[in-house]
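Note sheet for the following structure.
As written, the chains take the letters A, B, C, D, E, F, G and H, and residue 1 is the first residue of each chain.
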Amino acid sequence: MKVVIILGSKSDLEIGEKIRSKLKENFGIDSEIRIASAHKTPEKVLEIIKSYEKAVFVTVAGRSNALSGFVDANTLNPVIASPPISDKFAGMDILSSINMPSGVAPMLVLYEENAALAVAKIVALFDDNVRRKVEEYQRKKKEEIEKADEVVRYGNG
Amino acid sequence: MKVVIILGSKSDLEIGEKIRSKLKENFGIDSEIRIASAHKTPEKVLEIIKSYEKAVFVTVAGRSNALSGFVDANTLNPVIASPPISDKFAGMDILSSINMPSGVAPMLVLYEENAALAVAKIVALFDDNVRRKVEEYQRKKKEEIEKADEVVRYGNG
Amino acid sequence: MKVVIILGSKSDLEIGEKIRSKLKENFGIDSEIRIASAHKTPEKVLEIIKSYEKAVFVTVAGRSNALSGFVDANTLNPVIASPPISDKFAGMDILSSINMPSGVAPMLVLYEENAALAVAKIVALFDDNVRRKVEEYQRKKKEEIEKADEVVRYGNG
Amino acid sequence: MKVVIILGSKSDLEIGEKIRSKLKENFGIDSEIRIASAHKTPEKVLEIIKSYEKAVFVTVAGRSNALSGFVDANTLNPVIASPPISDKFAGMDILSSINMPSGVAPMLVLYEENAALAVAKIVALFDDNVRRKVEEYQRKKKEEIEKADEVVRYGNG
Amino acid sequence: MKVVIILGSKSDLEIGEKIRSKLKENFGIDSEIRIASAHKTPEKVLEIIKSYEKAVFVTVAGRSNALSGFVDANTLNPVIASPPISDKFAGMDILSSINMPSGVAPMLVLYEENAALAVAKIVALFDDNVRRKVEEYQRKKKEEIEKADEVVRYGNG
Amino acid sequence: MKVVIILGSKSDLEIGEKIRSKLKENFGIDSEIRIASAHKTPEKVLEIIKSYEKAVFVTVAGRSNALSGFVDANTLNPVIASPPISDKFAGMDILSSINMPSGVAPMLVLYEENAALAVAKIVALFDDNVRRKVEEYQRKKKEEIEKADEVVRYGNG
Amino acid sequence: MKVVIILGSKSDLEIGEKIRSKLKENFGIDSEIRIASAHKTPEKVLEIIKSYEKAVFVTVAGRSNALSGFVDANTLNPVIASPPISDKFAGMDILSSINMPSGVAPMLVLYEENAALAVAKIVALFDDNVRRKVEEYQRKKKEEIEKADEVVRYGNG
Amino acid sequence: MKVVIILGSKSDLEIGEKIRSKLKENFGIDSEIRIASAHKTPEKVLEIIKSYEKAVFVTVAGRSNALSGFVDANTLNPVIASPPISDKFAGMDILSSINMPSGVAPMLVLYEENAALAVAKIVALFDDNVRRKVEEYQRKKKEEIEKADEVVRYGNG
């Protein structure tokens, strides 16, 4: 199964690469990055998504996000939308990523590390190695907090 | 030159028909209504917009509005976006109709009557009959206000 | 693999049942509904999510949604958050479902039918029957739009 | 046909000049910049808009944007409103550019480059040179994306 | 000195009449209602405001409120803006009544009774009868609260 | 120790009485309702709050809530602000209850039943009867959820 | 007649001084600055406002603005609220300055220069020198725009 | 009685320490800081809150704040939520701290110094030393304002 990160523009490349490196480092998952715009190169988007059999897609597009819904409506595969949070309009263009018409269901996950985690949990449903990586990842997160608590308690001393 | 109103869903039909009747009644402009979804039937949208040479498109789609930008990016013709105002999220999904990426430029006009007026002004650039209709329409709007003022002044009596 | 819909309160039961019936009717997927509160009965939530091996969880909780993140952080399984849209505060408590801390990644999908579709696409990664159902569902959605376009074109006369 | 960019204040001059240069560079369209305030010099605004026969107007005014509606209501010509996005009040004074009364229909297009594109598409309805420029512009935008995809795929290598 | 209530449209007449009756009943102040649109009949607005020497103007206009700033910028007299609160866009088009450019300073007062009070306080600066009425009005408001407190305390019994 | 519910207006009486009955029924706590406005009868507010030695105050005032901060700044006692949620401006006048200047610290709790609970928890710090009532109340809340889960599981049948 | 600028905190001093200098420079109006908090020193606020017979008050207070309504409800004189625009919460605590209860009617004017202008227009109702200054001020504002237009037209050359 | 500040993450440590130092300096109250996440280490949170008999809890957690409601629902003790104000989404994730389900009642107080004051007022109900400190604190706040007024009046000279 493939993991494919589709960016609406090359200006989203930094985000895409951060998701890819989090997938690899935290969960040992390889992924590909592609760039195509639902507005400007829709046939290219369709060609990309049809070139993969089973896959998890991650879509990254800012401003009015047509890409996530467009990909989702044209594939049998699950789609995770992970748009950047705009500093314009109080970030409310996030609504373009979530208020979908009937029959269009990309799944929103903000922040690169969290998008990678959501992908990993889907992959983990069939890949026991990844499942162990998710377990380890969650355990580390817990330990970080427990350690921080210990440090601060001594600091209370 | 054609005027084509593209609806993202049949649930937008009432809006589409109101725009069409305003175009006809106020400006003597014929128009066609088409239904196609940028998310779910993108090839159909492309087929529709490529089937018209010179045209003004009006796009109507609620929630996350991919249609307006999608049509605009794939046609040489001007596109007027006239989405319904949602009562969810304080209508802020309007941002999906205006916060476009570079190279995508649908023109937002709220309310059916105003969308029809915007179309008419573009058509009026080459059609003197329509131009006279716009002039008449604007004069009537002014007269309505002037009459209302007269009525209220006597009411001040 | 199980699909489990967890509601934060019995007041969410109508939503839960709508998701369940959409899962069954549209995709032939059985699911269970459970009720537990991350705020008020956290041990119960933990007990529920630990009682399923491989599963997709759908979480439904209004107002400040602690449930979705809580479930996600404590399971290896993917979690789809599908909160009701509040009519208070312009629905902005949706942010409690999406602005998650690092390491917590529920996936937001609004509207019951869409939540069911998102579940089905994940299940379809291993279940070819469900995959065919998703395909059929998407085809029907397209046909509905194409039929609506035909009707409206004849209506254009 | 003239293209006239009307600014509500000299503080909008940078925006006006960017629209003008985008019109010239991308579409070979000449335009004029004028400065007049609907609030403070309304007669001047009326004088300006009446001094042009057929034209496309672009209006640029920040804060409470009276200019766009004022110009639109007093001309037969189409008006494109392209206000700056304020960083105050989450940019919500954009509503003053779109929530127009009946009979007032400026067309909102955000960002200078997009405003220029919207103008060009209207001009292109009668000017085949401009129409070819729009075509070329859209093709370049597509090619940029396709090239970016190629680069990133090799980067996947 | 005159008090003149200018409405942007006859649809604002109910508001205008409520302000007028509050002015009369609470403060014994006569006022006139006029209707004129800054967008559609700007010369008429100018004619109205220039026909009064010393006056307090109250402006009432919904959606994008050009009227209040337009009146203010073209008169030496104080202007009180009292727009209706829209139920669209969470009422945020109120920003069109307050976020004014430099040199334009209508004074916002929401709700008809309060707009009347604000007018009365300005008039009271030179009219001792009105000043006594304001005093009486404020005393009644205080007494209402004190009586309500007494009632509720006995109710505590 | 007294519990005193101060309402800014008699229009808030229904809310005040609901808080009072929740205090009595759920926690056996008696309370008094008083009405006084920080804007219109500030001396009365000061007189009320100075007439109680040790107390918990609950303040209820809609629109711009001056009452909660005013009471808090003028008493040594803790103050719980429980304003109604306005349906105007998306309820955002809630900010007037929380964005306090330095040295003013009313504690916001929305909804009557929750305000009563917050009061009870403070009282419970010295009153073991009330503390047992809080315990019982929380246990009932948990049991309601557990029962609802049982019902729905049988319903899963 | 006095003009008195009341600040809720010394952190508002820069704003207060800017209003004062604009009053003096643009309109030749003297004013006093006072500092008192409606929350923390309400008796002081009452003492201040009662120490002036006829006056125009300008109130400046950030965050939850109790001061403007408090002053207004306790004086026969007109009150202009000119709060700073917060960069928190998208400036929406402005609602605390405008959504007043019945019988409380401070008049909102944003920005120091505009607040000074609003004061001047009220003073100008009885002071012909100030009235001439307002006229001159407005004329200069118009001339600035007309000059800017001339400059930019030559720039078009 | 203990005062315990619970942070959802070590990234909130600066806030926690500021609350602790304000408690100590302004009110002579000792407090402990603990770190635990309602999402990631819920059992740890439960263990912490159950380890204190009578206490006031202060909870600090950004983004979607599950911690405050979680702590509140699982303790008999009062809970003060004092989340950081996010600069994303116009700070509207504050709603996750206030829009609680029935039976969950953390009390929101923004800003560290104010959170400390709210704690102190609760503690002051049984501790006369703290009560005197609160009195002194409030008196100082008043004096600061009175001094600032004196300074600015001489400055008026």
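One rule holds for everything that comes next: contacts are C-beta pairs under 8 Å (C-beta built on N, C-alpha and C of every residue); 3 or more make two chains touch, one makes a residue touch a chain.
Because the structure is a prediction, the values reported are computed rather than measured.
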Report summary line: When each step joins two chains that touch, the fewest steps from chain C to chain E total 2
Query raised in the report: If you tally the C-beta contacts, which comes out ahead, B-C or A-C?
Result: A-C
Report summary line: The angle in degrees, nearest 5, through which chain C must rotate for its Cα atoms to match chain F is 90
Report task. Calculate how many whole Å lie between the centre of chain G and the centre of chain H, each centre taken as the average of the chain's C-alpha atoms. Result -> 35
Report task. With chain centres taken as the means of their Cα atoms, state the distance from chain D to chain F in Å. Result -> 52
Report task. Compute the distance, rounded to whole Å, between the mean C-alpha positions of chain B and chain G. Result -> 42
Query raised in the report: Tell me, which residues of chain B touch at least two other chains?
Result: 9, 37, 40, 73, 88-90, 92, 94, 98-100, 103-104, 138, 141
Query raised in the report: Each pair of chains that touch: what are they?
Result: A-B, A-C, A-D, A-H, B-C, B-D, B-E, C-F, C-H, D-E, D-G, E-F, E-G, F-G, F-H, G-H
Query - Residues of chain A defined as touching chain D within the complex - result: 7, 9-10, 13, 16, 32-37, 40-41, 44, 88-90, 92
Query - For the chain F and chain G complex, residues of the former touching the latter - result: 8-9, 37-40, 42, 46, 61-66, 69-70, 72-74, 86, 88-89, 92-93, 95-101, 103-104
Query raised in the report: Once bound in the complex, which stretches of chain F touch chain C?
Result: 85, 90-92, 94, 138, 141-142, 144-146, 148-149, 151-153, 155-156
Query raised in the report: Which residues of chain A touch chain C in the complex?
Result: 1, 54, 56, 73, 76-80, 94, 98-100, 102-111, 113-115, 117-118, 121-122, 124-126, 131, 134-135, 137-138, 141
